[in-house]
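My structure is below; once you've seen it, I'll send some questions.
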C-alpha cells in the first residue's frame, strides 16, 4: 500500500496544486454543470457528498477502520437539523450546531462499542448500529415522519453579523455548501498532516506497534470515529437543507455501502483526494449513464468489480502510479523547506 | 539495584499452561539474556513482561511499581520499550516517521490537530540522532519498505530507543541476520549498554553469552536455570557443548 | 507418612473394538516411590511408557487400579487441577489434556499449587547446544524442592546412558506392558530385558 | 416486464430527447426551443424503475405513455408536441427529490407524473411546489397525500386507504362478524390506514382484538399467523404493503388460512397480484378499476393496451396502468380547457373538475376535490375469482361504493393548500 | 394467555432455515476468509434458474420445451432443484476467478469485490427476469398445511426445516468424514500445508466457492416459496447470513448453526410478543453477543480481524 500522505515537502501547508485545483473546481462547478447540461442541484449534492466522503475517509482510509454503517450519522445530522428547525427555532447556525452535536454524540456512543473491535467484527458491528439507527428512524415515525421522511425543513437564511443572505435559491445555497466544503477539505488536509493525523495513520499501519510505542489506540480509534461521524452530521444537515427534508434511506446499508464504494473507487485508501474523485465519478456516472440506461447500476457495478480486480488503489492510485515515476523529492530539501 | 523484577508469573491459554512460575530480576544498567529452545515460551514470557498479555498470576515490578495487567501503552509510557520478533513497523511511511512517532516530545503534541507534525526542527533532529545511533541516519527519508532486512532490525531497535526508555526489551534481534549483521548488532548493543538497561531474548546462544551479564534459561515454560555466563558455563555438560567457544 | 507416588494395581487394557473384545495391548504396573527422587525410565518403543505417563498424570483413564500422588487419587481430582499434582512434559512443551466423564464439580481439589510429580517424556538431549546441563540443573533443583522427577529416555547414544547414570537414583523398566522397578543403576544393568534393550550401549560392549 | 421490447423502444425514444439535451447542453436545447413557436411540452415521468415498486412504476409509466401517444396522435396540445422523459426514482425519496430537481431544471419539464411510494411522492411534490410545477401523484394511496402532505401543485389520483376502509368495513362486519385483528405495516401508510380502519370498526360496532405491527421488510409472518390462530378473529384487516404483502400472501395461502378468518386487504395493485396462483388472492380487497368491468369503452381500452404492449408480462391493463393513463389524459384535457400551460390556470382548470363516469369507465362520476386535490372516485371491492374466464380474470367484483360514501371527511381539515400567490408561477 | 410453544417451534424452524441460508456463506468464510456479499444474489440466482427450468423458460414454446412440460411438476421441480444450484455454483466459480487478484491483500478487497458483484448480479436478474414478483411453484405433495397441537403449520415449512437439518448434516459429514472435507479444513487453517501436501490450492478454492454458491442457490430454491422471489431479495438474505457468521464466530461450523437458531428464536419470539421490533432483534442480539465476546460464540482467530 502507498502512504496516504507521503510526507509532503511543505507538510500540511494548504498551498499546494491539488488544493488549488479543487478550489477552482468548486468555484467553477455551477458554470461547469450548466456547460455540460446538468443542473445546479447536482453540484450541491456533490459538494455535500464530498464533505461526507472526506470525513468518512479520515476513518476509513487514514485510520483503517472499515465502517459500513456511516450513512446513519448522515441521517442523524439531517434529522437533528430538521427537528431543530421544527421544534426549536428557525436558525441556520443553531440547526448546524444541533446536527453536529447529535451526530457526534451518536458516533461517540457507538464508538464506545466499536473501538475495541477489529476487522470484520468492527465492520459488522458498525453495520448493526447503522441498521438500528436506520430502523429507528422509520420506527419513530411520530418524530421522524417515518419512511415518508421529515418534510418541510426550511433553509434558514445565512446570518453573519447584520448581513443576511437567503439560501432558498439553489445557486446561492451552492455557494454556502461549497464554502463549507472548502473549509472541510482544507481543515482535513491540515488534520491528516498534523501530529494528530500522523498518529491515526500509524494506527492504521500497525495497531500493535502504535500501542507499544505508547499510544492508547482505543481512545484514538474512538476519536477518529467520533470526528468522522461529526463530519457526516454536517453533511446530513446540508442534505436536509438541500432536499428540504430528511429521509431514512440515507441511513440504509445500501447508502452506507455507496460511500464506501465511492471512497474506494476514487482511491481514498491511498490518497487524500481519492474520495473527491470517487464522489465525482459516481455522480457523473449516475447522471450520464443514468440518463442513457435504466440499468446503469449494472455498468457501474461492473466497472467497480474490474477496478477492484485490476486497480484496487482506485483512481487516485492510477494517477499516483503515473506520478511516482518521477524522481522522488530529495530528503534534504524536505527538511530544509520546513521552517 | 533491581530495576525490573518479575515474580511467580503464570500464564494459561485455555487449558494450556504456557508459563509456570517465572521469576527473574533485571539489575539496572545490565544486559539480561533470556534463552531457551524453540517453543519453550520465551516469546510469551516477553509478551507478559511488556504488557502484551496480562499474567494470570504473579507480579511484575518496574521501578518500584507493579505493572502487571497494565495496558501496553501505559507500560510503554512508564519507560519500557520493546522490539518485535516478527518485524512490526509502520510500513507505509518513511523511516524517520517510525522514530518520530515514538519520541516523547512528539507524543506530547499529538493533541494538535492542525499544523505539521514534521515542521519542528528539534523533533527531526532528535529523530535523526536516534537513527544515527543505529546507523540509519542516511536512510531517514527512505521508504520503510525499502530497507534491507538488517536495517529493519536496526530500525526496530531505534523505535524502541526513541521512546527514551529506562529498559529496552529486544525480541530475538539476530533472527534472520547474517554473520556480518549479527556482529554489527552486537557492537550496537555494546554501545547501548552504557545508556540503557537491556533485556534480550535470544536463540543465538553465542551472541547472548558474549553480551549478557546474566542469563535466564527458559524451557517447558519455566526458568530452568539462571546465572552469569561464567556460572552457567561451569556445568560440565555446558562446557562439553559448542558454547564453550563463545566466551 | 504418605508416599510420594503410589501406583496400585494399575491396569490398562486396549481392546480391538467395541464388539471384538480381544485385548490388543495390556499394561500393568504396581510400584511405589516414597521419597523425592529422580527416576529414570526406559523401555523399547511401544512398551507402554507414554501410556504409563498418561495414566500417572490423569490424562488417560485406567481400566482398573489407582494412582495416588501424595495420597490423592489423581483420577478423582478436578481435570483443571490435575496438573498441580503431576505434569507431563513432552519434549519442549507441557501436555495438559485431560479427559473425565465426571463433571469437575464432583471432583476433588488438587491441594497443591505446583506439580509434585514431573514426568519428562524424552527431552531432547543434544551435546551441541549446552541445554543438557541446564536441564539436569533443573531436575536437581526440582528434586531439591521435594519433587519427584521421572525422566523417560530412549538411549541411542552412549552419552545418554552417561546422563542417566549421572542423574537418576532409581529406575523403571517397561517391557511389553510389564513395569519393573529397579533400585540402582547396577540393578538396571543386571536386568536381563534391559540388557537386551541397551545392547551395544552397555559399558564394555563393543560400539 | 420492464425491459421488454416495446418499453425499451419508448425508453430509447425518450432517451433520445433527454439524452440529446444531456450531451448538447441546455444552451443548444434552449436555442432550439427559443426559435420555434412549437416548442414541445416536456412531461417528466417520475416513476420507479427499481426498488420495491419497480413493477408498479413500470406499469403506471406505460399508462402515461399511452395517454401521451394518444395526445400526440391527435396533434399534440395547443399545437405543441408532447415529449416525455423518464428518470428512475428508485423507490427512494432522496432520489425523488433529485430527479424532480433534474426534471425541472435540466430537462425543463413542465409537468411531472408518477408516484407509488408516498415518500417518493412527497419528495417530488416538495420540489415541484418550490418551482410551481404541477405534479400528479398517480398511484400512492397513503391518506396523508391528500391530507397533511397536500400541496397546491400536487394532485392525488388513486383511491387511498381511508377510501378503501370506508368501502369495506361496514359491509364486512355485516357479512362476516365484528371481531378484528389488525395487521399493520409499521410505517406511515400502514398506521394511517389502520387508524381509519379502527375508526370505521368502532363506528359500525366491531371490536379490535389486537393490532399486530409488522416491521417493514418482514419475510416470515409465521409468528403473526400463529397469533391470529390463537386470537380467532372473524376478520383480519391487513395494511401490509409491497414485498411484505407478497410474502404474506404466499404464506397465508400455504397455510390455507385465506378463507377463515376473512382477510380484508387494502388496495391490491394489479402488478402485485398478476401472475400469482389463485389461492394467493384470498380475502376481500379494494381496487379502483378492473379490466373485466362491464362498462362501455372498457373492451376497447383493453384492446388498445394489448396492441401497444403486446410483449409485456402483464397482458391486460390494471388499476395502476389505469391511474397513470387517466391522470395523464385528464392533465392534457385540463391544459386544453385552460388554453395555456400556465400552472395556475391549469391548476384552476383541474380543481373541482368533474369527470364523467363514462369517460373514466367507472360506475360513478369522479371529481377532483378542490380542497384536497384528491380524485374522489368509485371504489370497487373484489375477491379472487372462483370461476375465471381466462388466466387474466383474477378478480370477482363484489360491490362498488359511490365516491361520496367513501370520501375522507377528515382530509380537508388536515390539508393546508398553499395559496395561489405563494405558488410560483410557471409556464411550461 | 397465549401459548408460547408454537412460537418456540416457529423460532426454531426459522433458525434452521437461517442456518440453511448461512451454510454456504460460512463455508466460504471459513476456508477462504472472504466475506461473500454476493451470497444473497447467488441465492436468488439459484431460485431464478429453478424457476426457468420448471417453466421451460425461452424454450417453452419449442418442441423440446413442449416435451419437457409434459412431465409432472414434481419431476420438473426435482430437476430444477439440481439445475438451479449447479448453475449458481458455476456463477460462483466464475466469481472466484474474479476474486483471485484480491488474494493476499486486505480482506476488505474481497468484500468490496463481492459487493460489486452483488450489484451486477442483481441488476442482471432484473434484466433477465424482470423486476416483478415471481412465484416458484412447488409440487402438491409438499404444499398445504398440517395441524400440530391444534395449530396450523405450513407443510412446506416443515419439509424445508427438515431439509435444512439434512443439508446441515450432509455438509458436516462431508467436512468431517471425507478426505475432501479434511483438505478443505486444512485449507481453512493453513493454506501452506495444503500446498505442501501437493493439493492445488487454486482448484480447492474454486471448488469451495462453487460449492458454497451452489448451497446458496439451493437455499434460494428452498426459501423462494416462503419468502417470494424478487431481484432484490439478495439483501434480505445476505444480512442475516452475515450476522449469523459473526454471532457464531468466524470459521466455526457449529457456531453458525447455533447462531442461526438463536437468530431464529429471537426473530420468532419478538415476532410474537413485540412484533414491531422483530426485524431489529437480530442486530440487538449481535451487539449483545459480540459486545461481550469479541470473536462471537465459537470463533477462532482469523485473518478477517485485520
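Chains: A, B, C, D and E, in written order; residue numbering restarts at 1 for each.
Rule of thumb we're sticking to: a residue touches a chain if its C-beta (ideal position, glycine included) is under 8 Å from a C-beta of that chain, and two chains touch if they have at least 3 such contacts.
The shown structure was predicted, so the numbers you read here are calculated from the model rather than taken from an experiment.
With steps allowed only between chains in touch, the distance from chain B over to chain D comes to 2. Put simply, the chain closest to the centre of the protein, by Cα centroids, is E. Here the CA centre of chain B is 38 Å from the CA centre of chain C.
Taking each chain's centre as the mean of its C-alpha atoms, chain A lies 37 Å from chain D. If you average the CA atoms of chain C and of chain E, the two centres end up 52 Å from each other.
Touching two or more other chains at once are residues 2-3, 49-50, 186, 215-216 of chain D. Here, these are the chain pairs in contact: A-B, A-D, A-E, B-C, D-E.
Per the touch definition, chain A reaches chain B in the complex via residues 1-4, 6-7, 11-13, 187, 190-191, 193-199, 201-202, 204-206, 208-217, 331, 334-335, 338-339.
Of all residues in chain A, those touching chain E in their complex are 66, 113, 116-121, 123-125, 127-129, 131-132, 135-136, 139, 253-254, 257, 260-261, 264, 295, 297-298, 300-302, 304-305, 308-310, 312.
Listing the residues of chain D that touch chain A in their complex gives 2-3, 11, 15, 18-19, 21-26, 29, 49-50, 87-88, 92-94, 97-98, 101-102, 105-106, 118-119, 122-123, 126-127, 130, 142, 144, 149, 186-188, 191, 215-216.
Remark: chain C residues 80, 83, 89, 92-94, 96-98, 114, 124, 127-138, 141 touch chain B in the complex. Note for the complex: chain D touches chain E at residues 1-3, 49-52, 54-55, 58, 186, 212-220, 222-227, 229-230, 243, 246-247, 250-251, 254-257, 271-272, 274-277, 280, 313.
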